[in-house]
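Which chain is which? They are A, B and C, in the order written, and residues in each are numbered from 1.
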């Protein structure tokens, strides 16, 4: 399948659960017995193409990737004989989440059908005396919106909007490449600490992964749990 | 087209129209039906409403057709319209109520300052509907009356207490996202 | 009061009310008539409309009664009113609405947990369309606002009340199949 086709598909998914459900249904897998390493592999392959999605969504997809890898590693761990009976299946929480998601997707479809039928139903036009009466049956939301309108009107001094400078993935990759002009080793902990927002953090992470994939940099960890460095190739 | 089906189509069109619907308007929606057939359907429909002693009638008025209530039921209508639920508010009253809800206790001059327009008729409406109540006097020049929301306000807006009102910050978080 | 007269009065009141009229509102106008008699008149009225094959129907919706057109005539009505169907809710908004409908009252963090994805723009859409309303605060850390479905939700989805929603377990069958 071409990359373009993948990207169009990813847009269709509401979130990580949706993508996961798609992968499971595509391979006609039993939801209660997910071959976790197969699904994890497929999932990771799909989110590799995530870079064009907005960053908030990307973060959510990455979080699910981490969950899948965590479950996979738990399933690989040998369990002692006594432990086996008590240890719940590491997949059970995910299975629960997936089946809930599936139920609500079905419920959403039911609602859609109902609304389509109701759109074909019309009621009497307002009588003349309702039209003169512009009164509304107010809810709490109307109340807070009305209050906000008052506050907005009160803002006499013009507010200068400063657009947050949002760096794209491409720009971040360029920025990291530039660092390697003057050095051949970048401390990733420092690189991440310098990020000013969650979004920038995700972009930076994706940029490092992309550079590693392209073999522009290599990742090196000298000791377990130590600092990870990016090295120029 | 069968007369019974035509009658139903004509009935729904007369029902939804916000002013008496003219024959030409019906013809435009039913290009395959002759003017005579439409007229026959309208007359028969009117006869049906009369025959079953409905509270409603189909009649020709001001060059068009409409469904309206029969005059003999108007006392019930008046009584219904008088008893309509009172949570309905004009935009000005809603805005004034919002200010009082979020800034209480607050005086009339303070509300004027926030809204930039006189709010005395809105305040009268809110007092009439018992949505606001006086909450003592402010210790300043002229000792103006302060207002706050009432128990009736909580009931009408489905709130247990004032802390259940969403804060401006919570609302903005949703709006800005 | 004779049933036929009561039926006509009820018909007129249902007709003029611009939103589904509640039994209590009918009772307030008809203090001398019992609730059972009013209900009987409403049900018989609805039956009469069905029996004579009217283009209109009397039905119970959102805790009240109203007269509306039958769905099969929508083409003629759209052609006359020149009204396009309003935009559908996005899949994300529908799914969020389904979760709120079945799990209400529910907070935004709880919805996030169920969907695995941020839902604030969906929630904003639902609030703007008045399909959901705040329903107090949850007594836990941060006292987040809980949301539930509104009367408008019942009207737009053609429900008498929430109990008319199929139970979520019915979807379980779909899930396991």
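Keep in mind that, in the parts below, contacts are C-beta pairs under 8 Å (C-beta built on N, C-alpha and C of every residue); 3 or more make two chains touch, one makes a residue touch a chain.
What you see is a predicted model, and the numbers here were worked out from it, not measured in a lab.
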Chain centroid nearest the full-protein CA centroid: C
Reference chain B; chain at largest CA-centroid distance: A
Averaged-CA centre spacing for the pair chain B and chain A, given as whole angstrom: 43
Distance from the mean Cα position of chain C to that of chain A, given in whole angstrom: 33
Rounded Å distance between chain B and chain C, as computed from the means of their C-alpha atoms: 18
Residues of chain C whose C-beta touches two or more other chains: 15-16, 67, 69-70, 77, 81, 118, 127, 133-134
Residues of chain A touching at least two other chains: 122-124, 126, 137, 139-140
For the chain C and chain B complex, residues of the former touching the latter: 4, 7-13, 15-17, 25, 28-30, 48, 52-56, 67, 69-70, 73, 76-77, 79-81, 118, 120-121, 123-124, 127, 133-137, 143, 145
For the chain B and chain A complex, residues of the former touching the latter: 12, 15-18, 81, 85, 87-91, 94-95, 97-99, 101-102, 114-116, 157-159, 165-166, 168, 171-172
For the chain A and chain B complex, residues of the former touching the latter: 122-126, 129, 133-140, 142-151, 153-154
Chain C-facing residues of chain A, complex: 14-17, 31, 56-57, 60, 64, 97, 99-112, 114-124, 126-127, 130, 137, 139-141
